[in-house]
Amino acid sequence: MEASVFHEKLTAVLLWSCPDRKGLVSHIARFLFEHGGNIVDLDEHVNRQESMFFLRVAWDMSDFTIAPDKFGEKFLPLATEYRAHWSIRLGNENRRLAIFVSQHDHCLQDILWRRELGEFRAEISFIVSNHPDAGVLAERYHIPFHVFPISEENREQQEAKELKLLGEANVDTIILARYMQILSPNFVSRFPHRIVNIHHSFLPAFAGGNPYKQAYDRGVKIIGATSHYVTDLLDEGPIIEQDIIRISHKDSLDDLIRKGRDLERLVLARALRLHLDDRVLVHGRKTVVFD
Amino acid sequence: MEASVFHEKLTAVLLWSCPDRKGLVSHIARFLFEHGGNIVDLDEHVNRQESMFFLRVAWDMSDFTIAPDKFGEKFLPLATEYRAHWSIRLGNENRRLAIFVSQHDHCLQDILWRRELGEFRAEISFIVSNHPDAGVLAERYHIPFHVFPISEENREQQEAKELKLLGEANVDTIILARYMQILSPNFVSRFPHRIVNIHHSFLPAFAGGNPYKQAYDRGVKIIGATSHYVTDLLDEGPIIEQDIIRISHKDSLDDLIRKGRDLERLVLARALRLHLDDRVLVHGRKTVVFD
Amino acid sequence: MEASVFHEKLTAVLLWSCPDRKGLVSHIARFLFEHGGNIVDLDEHVNRQESMFFLRVAWDMSDFTIAPDKFGEKFLPLATEYRAHWSIRLGNENRRLAIFVSQHDHCLQDILWRRELGEFRAEISFIVSNHPDAGVLAERYHIPFHVFPISEENREQQEAKELKLLGEANVDTIILARYMQILSPNFVSRFPHRIVNIHHSFLPAFAGGNPYKQAYDRGVKIIGATSHYVTDLLDEGPIIEQDIIRISHKDSLDDLIRKGRDLERLVLARALRLHLDDRVLVHGRKTVVFD
Amino acid sequence: MEASVFHEKLTAVLLWSCPDRKGLVSHIARFLFEHGGNIVDLDEHVNRQESMFFLRVAWDMSDFTIAPDKFGEKFLPLATEYRAHWSIRLGNENRRLAIFVSQHDHCLQDILWRRELGEFRAEISFIVSNHPDAGVLAERYHIPFHVFPISEENREQQEAKELKLLGEANVDTIILARYMQILSPNFVSRFPHRIVNIHHSFLPAFAGGNPYKQAYDRGVKIIGATSHYVTDLLDEGPIIEQDIIRISHKDSLDDLIRKGRDLERLVLARALRLHLDDRVLVHGRKTVVFD
């Protein structure tokens, strides 16, 4: 993955998908060039089977002649002509994140640690948990911490409170860092492709609860972790990143859990970095990852 | 894995499992020592959760004082005392293999090539296929080739013919090298933990037909291959070996198939080598692999 | 890696590197669009530290309005303006390969096998060896085979004969598939970045002779293989692809050699495929690999 | 690796190496059995090339009839008979560690975090640094922190102070968690095979300073990290563990450093765990790792 260019200069990133047609790259590149945008990164992909075109292009805005608030208006004719789905991020404003966690805080710890090191370019608005345990960690890093215990009865009210907080803080992306509650369809619908989960198995193997126990009982020789966007279908959302580690008959269930911790935090960190750099384009239930 | 010792000297290998008890290693080691067996390799494993003991021990038979045909009788009291499941291979007689294949012959090719290089210590008695395609390859390596086309109607008769051949050739182990027919429970029961299959996915993900298509449609970022013993439950047998390879949105279904070919042949070769070196001990639906 | 597009349609591939400047992608894309070239794949990379721009672009030539023999003339002004190094491949003519091998023929075997499966898009003009051993394999695949034993005394004359053969057959790329002779600077200079070697170590570790022995003696826990372009400096050429495999104290030197074989043939095959698809751009002693 | 058994019961671990001879396993197993030691883990390895025998055996001391302070006396005849090198750990006393660190504190952070989670069975006596930076982290985890700035002139005196501290705290093992000073031969000789270092390259590639810069300049496609015991020869000590991660031309030097951080802390943690569980046996400049 390229070193982030964002620290130095004002950069814009466009993600675009549309039915494949002739001249696409040329038209888009010309549009940017004619408005003073210097392309610093362009990656495209054509899926021939579906005849679909996908693009990520980043350009330096130093000499860009379109004001951010006028971009949509100017760009619309081009996007309409190609019947494109597109999204744009103009400028360097940091993403605002909320992290949801339950009792296992290793993924949370890792994200906080990486942010301190400058690996992520984002602000963490607050941490939400259904348990008080992660409070110590939140305090250590001086991040607001909210506890919302969840039961079948109070889920709707608690989610309403969470949504209020998320709205007030203008949160862009939610990270489920081993958050063991299922979010309601209503909640999920408010953050389409903006809730990043880590599941502690190599999906689609061992979806659902206790994946390490499932893996142990099946006797697999490799375990995995999967980071994906959350959709209404549990553990079925578009996959951003996966990785694995070898195990053997010598590993007890506790060993799987211990080894899995390292995997979970690495995979979630990589997925989060890809998401925050606007490198993930969702198409149907799959992703195009411009890394 | 250790270099095979079999080329130099006459070696015996004992695989043993029983409920864990005190003094097990000591008793077995003493038994061998007292009969002139020089232990050249000993590996044991205790599963604490199930309180089970597993052992693989290999010894040099140069000065062993028990004749092969008397071993069972002499060893029985010890095995009975510990309520052990055990199997023994005395001497260096090569295993006799039969390879079953359908139309994709890359795994077959790889096994023949490795055997030519001396990677496997086994004789290939014959190749069976439900298609004539692999005949060219069989001929190239001078191995008898039998075609048994299979349909729902003739399965029973064809398997009877195959079983007859297997019996006549005294075949010990069957390798399903991308054999796309399901064997009947009757057939499978004749070769318990002696039929080695390669499934072209990371089981339990994508069991059943067309695993690469399933993987492509799900949008996973990693594909795998699994070698396992065949049981009556399709793709559910004890796993011997697995491995994976990274893919991306750039990979078409054809790319998955191409990349998977390399994976399948490596994983099957590793599993086969482990099996032929008596390094795999089946316990329930799992394996202990003494590598 | 994307499925090769070459089977279906006439495609051109341009590789380009130059000092980074504004408007590069736009100009090149426009040039192609204005001459009827439909871009099917574009990947670029900017190295910020060196301020260098690298591009690979492939386009469909169905409606391309510049005849192949006029392309250079038409394209030159653009390339000159940006002080670019560039190379172009127009149309689908297969590359012509010569494979050099010594006594270990597993890499040769693997290349022949993959080509038979259609994994490579190339013609193998002939095989050269300093030993007669590979002749059997050459014959099996009906490929001309030439033996040129090499000694310090006759190297120059033998290379002259080889160069004559290579010229007559119009060979484009030479593959050193475990060829254990060092080519003279004169020979190498005739095929700049067109001789692909496989070295059986993780370079720069264990350059030179007997890398597995070196690895065994050092007690490393991982061994590797490296495919690189041959230059005058032994084992110092630009690296195309590397991979590794875990080993342990249990592995004898023979085990390293056996495990390494699998690694060597996979790494060489991947490098060769990248080279043949024009995905490798050499810059100084490094490569940009557009995979 | 097996779940540590140490939490539950008093366990002893014997590491042993000697010239290979008949009856070794039997004799040792019988010795333990006859004194009431129940073997819970036994792993042996024979290096045939060197005709050397290596053993790790752990036993439950609940019914062991030899008092810890009498073990040496009782065991000596057996060890002498086989001319063995051996070491024993009786009982569950935690190892005492000192961690040395310079400015990069990610490995330190990781060790502290893992210990908090219970992954390591050890006490951290204190942290030493040549810079004050890690003090914050030490304080956060309530661990004594000592700063000893090092120059060519004061090295001897500073090491003397460090050795005094190490002696007073009865420190068993020193971890160099990215400690960028070279220890003097005198210092190293006090802790033979008890100083664990992490080097941020795949040794023997890129020994010495700035390995990521070296890797970047060479254009390798994979980077690594190596944990080894410190000896007088810089970066030449016996290797305990190594691992790698893929990189590409897209990765800047900063990306290598970032990706390497994850590698370094995982590799050091694995090596440390192996060391603390007495699973590493040094033989010459190589290790036998009973994992």
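Every chain is named by a letter (A, B, C and D) in the order it is written, and numbering of its residues begins at 1.
Methods note: contacts are C-beta pairs under 8 Å (C-beta built on N, C-alpha and C of every residue); 3 or more make two chains touch, one makes a residue touch a chain.
Since this is a predicted model, take the numbers as computed values, not measurements.
Participant: Validating interface symmetry: for the copies subunit A and subunit D, is the fraction of residue numbers used by both over half? Same or different.
Facilitator: Because over half of the interface numbers appear in both copies, subunit D and subunit A meet with the same residues.
Participant: Need the most distant chain from subunit B, centre defined as the mean of C-alpha atoms.
Facilitator: Greatest centre separation from subunit B goes to chain A.
Participant: When the C-alpha atoms of subunit C and subunit D are each averaged to a single point, how far apart are the two points in Å?
Facilitator: Those two chain centres are 42 Å apart.
Participant: Give, as an integer number of Å, the spacing between the C-alpha centres of subunit C and subunit A.
Facilitator: 37
Participant: If you look at subunit B, which of its residues touch at least two other chains?
Facilitator: 2-3, 45, 48, 250, 252
Participant: In their shared complex, at which residues does subunit A touch subunit B?
Facilitator: 45, 47-49, 54, 202-206, 218-222, 224, 238-244, 248-250, 252-253, 285-289
Participant: Using the touch definition from the top, list the residues of subunit C that touch subunit B in their complex.
Facilitator: Answer in residue numbers: 1-3, 106, 109, 113, 117, 119, 140, 250-252, 254-255, 258, 261-262, 266, 269, 291.
Participant: Which residues of subunit D touch subunit B once you look at their complex with the stated criterion?
Facilitator: Of all residues in subunit D, those touching subunit B are 2-3, 5, 22-27, 29-30, 32-33, 38-46, 48.
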